[in-house]
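Next, two complexes with chain A in common: one pairs it with chain B, the other with chain C.
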Partner chain A sequence: MANYGGWVGKTLRVDLSNGNISIENTLERYKDYLGGTGIGYKVLWDEVPAGTQPFDPVNRIVFGVGPLAGTGAPCNGRTAITTLWPTCWPKSLVASGHMGGNFAAELKYAGFDAIIIYGKADQPVWLCILDGKAEIRDARNLWGEGIRRTSMEISRQMGPRASVAAIGQAGENLVPMSVVINSHSHSAGGVGSVMGSKNLKAIGVLGTGSVRIAGNKEEWEKAVNYHLSLLGANNQHVVPDSPQKWSEYYGPTRWVASPGRRWGAASSSIDTGSCDPHNLNRIAYRTNNAAFFLGERAWKYTVRGNGCSSCPIRCHTILKVPSVSSKYGIPEIGQNTCVGMLFGRNFFRSFPDGPKGETSIEACMVGMSLADDLGIWDNYGQMQRDFQELYYSGILKEKVGSKEFKSYSWDEYEKGSPNFLFKLLRGIALKRDELTTALGMGTGYHLERWGIPEKDWQERPELSYWKMGHPRHHSSEEAGQTGVIINTQYNRDSQCHSHTNFIRNGLPLHVQKQIAVDIWGSTDAIDAMSAYSPMNVYKAKMAKWSILRKELHDSLSICNWMGPWIASPLKEHNYKGDDSVESLLYSLATGNPKSREELDKDSERIFVLHRALTIRDMQTSDMRTKHDTFPKWIFKDQAGKPPFSSGSSAMDPDDIKLAMDMFYSEMGWDLETGAPRTETYQKLGLQDVADVFDRNGLAVG
Partner chain B sequence: MTKKNDGDILKRNGPSVHSSNPCFSRREFLFMGGIIFTAATASQCWSSGNSSLIIIEQANGLVVGDPSKCVGCRRCELACSEFNDGKASPVISRIKISRNLNPWISNPGVKQFGPGTFGNGLVIQDLCKQCPHPVPCANACPHNAIVLAPNTKARVVDSAKCVGCKICQRACPWDMISFDPDTNRATKCFLCNGNPKCVAACPAEALKYVPWCDLTKIERPRISPNTFISPSKASTCIECH
Partner chain C sequence: MNFSENLLATITGMIRESSEAGLIIPHEDLFEALGQDIILESDCYKISFFEKALDKILEENADINKLTAKNGVSYYYSSLSMSDTYASILARKHDDTLIADIVRENSQLYPRPVPLSLFEHSPFGFTREQILDQLKRMFGSDGFQDILQTTTSSGNIFLYSSRFLDHAYAIKMAEWIDIGEANNP
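On to the complex of A and B.
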């Protein structure tokens, strides 16, 4: 086998039932699947029989990273964790969670591209991975501890450079809404309880190895700097949110740096200043998601930006809020981003000092401190939306019984006091009572337990609920039919940012449309947000492209939340980016030259294998009516405006039907069932899938 | 770094080999020691009759870090190892971030934070101080493999002479010598021949290449160094001390 760069070449296999640890060659088995989710889906296809439940010992949990993890390619900090998803309702199906931080890079330096874990240990253990070797260690003294203490205890044993991915009490107690976290604040949702079911408390990795760049090092340096030159801020927003001397445009983006906006809690306050896109030494100042989500007030509490190994865009923000230490008895320092940062705040409908006042920031600090230590997942904010709805509708009171209801301080809750969170969140991690047990199950199972039909949730746009226990993740409200298609395809929230990051990058529509011509063939691929035109084939091409780029990024280990890089902040390039930058970096790093089209084919193989796993485990090829569904609220506009009118986000039922037809056509799938045809599997090198489906009657000709 | 003389004030007034070691100028040292000064090594190193190499000259500059600006992305470590060595390898990086990135782990239970992501958020960049004479790593090397780079006067490992004994690693009080397991050679900051890759790679302007100043008296050692000096070098030292 050729001596490739990028990959380190070994995959670790751990059977916790008998303690067997073995090592296999990554490239012999998984090269066609690149890494990350690709390896994850392949392992689940090969090794986990249909009908397996998430907590069965035979279920695999695969920590996969790709050939770019650990290199200097920008934004490569993501570890993909693939397993049978415990909150996927009514039946568990394959899905993946993704954590940033330093784990992905350290796993490579320790000599591994992936870890495949199965079985169940007799007693709590943690997995120690050190320079090409692995060992199962006793974790009885860590069981019951939070994530922070666990991480520090293991770091003390392995050394301060170790990266530790640990579960908290929620994962131990098999709460489906639980996470694994590394590097303090980088979590992957949904998988904590799968680790808990295997009695696996944590994985510590540490290595002195390296990731070899196969190509010429000067060319690599040039390629990396080229990619850096195309970067915007978080979500690849390429224009600033306020007028800047250097900028032609501004808009509601996450590029929040500006003279006068300061990291106020740095040991010596730092002005984020002018961030001319040509100055690659100021990329880290562009983004401050605390300020983006919490408002101007957050600047004075900002210590600095934080984030993943190798990523110049710091999407996490470290906040220092001294008052929370004395008021709530929690550390004055906290950090996270997006829904992780808003975890505590989002439970409340209002605060005494307004939605972006001091109390809302305190609620964020309390929420982060608790959730990221107990290891609770919020399903992209769905847990909090469910909670508010169930409380204010009176359902909660009715379902939990009066004794339990009275045990909570609802006055405190309605007033917006962060103190309320302590009992609630600890309760979720410990499954203490009916309310917390139900919340911890995830929306689908929670609604079922309380006898609430799923369709009630699917009629209410404000609940953002989509299907199968999970919410929308950038759907029709931002990207019309393209957003709807993408949100039908996964077994949890779709987590795809390829489409929304382009739509919301801040450029004027006419500039975006010129880029759309290059990528999807027509200006018609995109519309202004909430001013949608009827479906056309270019939107279907955009949906396919978006999904394949997501899978490509998740398999190479570059961040789909920071990409794609088809637009740039460079006026002199008409704001165009480059849709083959992934191929450039992949080819140089691995020494296995692949064009954009060849990588697209790899990602299609990976995505279609995900589709095949879904078909196999649902035991039906009728994806169209059984799986690719959408909630009714997409056909409603909150102001009552009809579809295709300006300001309306409403979709039209016949038009969505056409959208699915066009998408299936683009994919080469059967229109009636939405299932890939036998020839599609064959074309992608998935003959084994075709054979299995041929035998068990799931084949579609 | 520009070639302006903007570092001269620091060099003249700051603690340096000339002022802190009440000795003599380089010319005086040459004269007194009676050392043969060869053209080939004129600007780089000293070579005595028995080949013991003692570095006297200052570096022109050094890289310094501002911890309050460091965002912990490690792009400097990756640039150092990828652009110089063709592989991503924090352990051979000559700037050290990873080891300071995580928690202050000595006392996890208390709410009093030290540096690190688990602490107060500060990430302290560890950088080579391009030490003044006596240069600990160079003095410890029994093979005279740590020499002066021609343009920058950085103290660099001559990989042709290095045998991978790691004695230099134990000699650096700041633990700044790396060891490359693939080449079996030591490596250290060589200032990228005057254009440090780490400085160019930092997305937060947290690193600067500045005229040399002596940080060795200010920054606390990271380890207790092994101060071994080989007998041949010790005999050279005696010529001056």
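On to the complex of A and C.
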């Protein structure tokens, strides 16, 4: 086999039931699946029988990284964790969670592209991976501890450079709404309890190796700098949020740096300044997600940005809020991004000093401190939306019984006191009572437990609930039919950012439309947000491209929260980015030249294997009516405006049927069932899948 | 008319330096700063001499641009370090139509409404009272009937121009920008 760069060539296999540890050649089995989710889906297809439950020992949990992890390629810090998803309702199906931080790079430096874990240890253990060797170690002294202490203890044993991915008490207690976290704040939702079911407390990795770049080093450096030149701020927002002297455009983006906006809690206050996109040394100043989400007040508490290995964006923000130490007894330093940062705040409907006041920031600090230690997941904010709805509708009071209801301080809750979070979040991690047990199950199982029909949630746009226990994630509200299609395809929230990062990049619509012509063939691929035109084939092409680019990123280990990079902040390029930067980096890193189209085919193979796993485990090929569903609220506009009118986000039922037809057609899938045809599997090199479906009656066309 | 290379380079350098510092430079400031040099070159007709020197600079340097504000003041900037958009905001900073102009530009170009808070930050730098005063004068006045406002569910005011945006779209986008974006991270 050729001596490829990029991959380090070994996959670690750990059977916790008998303690067997073995090593296999990554490329012999998984080269066609690149890495990350690609390896995860392949392992689940090959090794996990249909009907397996998430906590069964035979279920695999696959920590996969790709050929770009640990290289100098920008934004390569993602680890994909693939398993049977414990919050997927009514039946667990395949899905993946993604964590940033330093784990992905460290795993490569330790000599591995992936870890496949199965079985169940007979007592709590942690996995120590050190320079090509792995050892199962006793974790009885760590069981019952939070993520912070666990990470510190393992780092003490392995050394301060070790990257530790650990679960908290939530994962140990098999709370489905649980995470694994590495590097303080980088979590992958949903998988903590699968680790807990295997008695696996943590994985520590440390390596002194490196990732070989196969291509010419000067070309590699040039490619990396070229990619850096295309970067915007977080979510590839390519214009600043206020007029800057170098900028032609501005808009409501996450590029919040500006002269006078300062990291006020840095040891010496730092002015983020004017971040001309040509100055690659100032990329890290562009983003401050605390300021974006919490408002202007957050600047004074900002220490700096933080983020993943090889990523200059720093989408996590470190905050120092001294008051929380004395008021709530938690560390004055906290860090996270997006829903992780908003974890505590989002439980509350209001605060005494307004939505962006001091109390709101304190609630964020308390939420981060508790959730990132106990290891609780919030399912893209669905847990908090559910909680508010259940409380204010009176359902909660009715379901938990008066004794339990009275044990909570609801006055404190309604007044927006962060103190309320302590009992609630600790309760979720420990399954302390009915309320917290139910919340920890995830929306689908929670609704079922309390006898609430799923459709009740699917009629309410403000709840953002989509299907199968999970919420929308950038759907019709911002991307019309394209967003709807993408949100039908996964077994959890779709986590796809390919479309939204383009739509929300801050450029004027006419500039975006010119870029759309290059990528999807027509200006008609996109509309102004909430001024949607009827479905057309270019939107279907955009949906397909968005999904395939997500799968490509998740398999190469570059960040789909940051990419793709089809727009840039560069006026001299007419704000165009590059749709083939992934293939440029892949080809140079691995020494296995592939065009954009060839990599797209690889990502299509990976996505179609995900589809096949879903079909196999649901035991039906009728994806169209049994799986690719959407909530009723997408057909309503909150202001009552009809579909296709200005200011309306309402979709039209017949138009959405057409949208699914066009998408299936683009994918080469059967229009009636939405299942890939036998010839589609064959064309993608998935003959084994076609053979299995032929034998068990799930083959289509 | 002949100009020394030195004079042209000095003027061009001043314009570029001021743009680099985030400023546009008024004609008058340039003239005052260069008065002595101009007298040395031509003690007669120094204003017309200066004008012609600027014309030559504009002709020979693609990056040097001139903007004339409503009050007739001309400003110069270099597009090497300053965008037309930014220069145009600075040139209109003292115009009483600046807010309306910016609202119209955003409504037409992107298209979207803008929050009042936009005008509190650099490069506008107005106080909330100044913004509200301007709006008070604007609303209902001749020439500004197209400037309308909508208030989001958080109580924040957004402005838009009805020449380019209809009310329903403006309401929807204001709510999205103010609340939706952060709730859909």
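One rule holds for everything that comes next: the second predicted complex is superposed on the first by the 701 of 701 C-alpha atoms of A that agree within 3 Å, B and C clash if a C-alpha of one lies under 4 Å from a C-alpha of the other, contacts with A are read in each partner's own complex, and residues count from 1 in each chain.
Definition applied: contacts are C-beta pairs under 8 Å (C-beta built on N, C-alpha and C of every residue); 3 or more make two chains touch, one makes a residue touch a chain.
As the structure is a prediction and not an experimental result, all values here were calculated from the model.
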Between chain B and chain C, whom does A:242 touch in the aligned arrangement: first, second, both, or neither? second
Could you look at A:71 and tell me whether it touches chain B, chain C, both or neither (first, second, both, neither)? first
A:109 in the overlay: touching chain B, chain C, both, or neither? Say first, second, both or neither. first
Look at A:280 in the shared chain and tell me whether it touches chain B only, chain C only, both, or neither; answer first, second, both or neither. first
Please indicate which partner A:639 is in contact with in the superposed arrangement: first for chain B, second for chain C, both, or neither. second
Taking the superposition as given, does A:130 touch the first partner, chain B, the second, chain C, both, or neither? neither
Going by the contact rule set out at the top, does A:430 touch chain B (first), chain C (second), both, or neither? neither
With the two complexes superposed on chain A, say which partner A:474 touches: chain B (first), chain C (second), both, or neither. second
Who contacts more of chain A, chain B or chain C? B
For the chain A and chain C complex, residues of the former touching the latter: 242-252, 258-260, 274, 276, 292-293, 337-339, 342, 355, 381, 474, 477-478, 504, 508-510, 528-531, 571, 639, 641, 645-649
In their complex, what parts of chain B are in touch with chain A? 67-75, 78-79, 81-92, 98-103, 105-106, 108-109, 111, 113, 116-122, 181-182, 197, 200-205
Could you list, by residue number, the parts of chain A that touch chain B in their complex? 70-72, 102, 105, 108-109, 148-149, 151-153, 155-156, 160-163, 183-184, 208-213, 217-218, 220-221, 224, 228, 266-268, 270, 280-285, 303-312, 314, 318, 320, 325, 331, 333, 335
Contact residues on chain C for chain A in the complex? 19, 22, 81-86, 89, 109-112, 118, 121-123, 154, 166-173, 176-177, 180-185
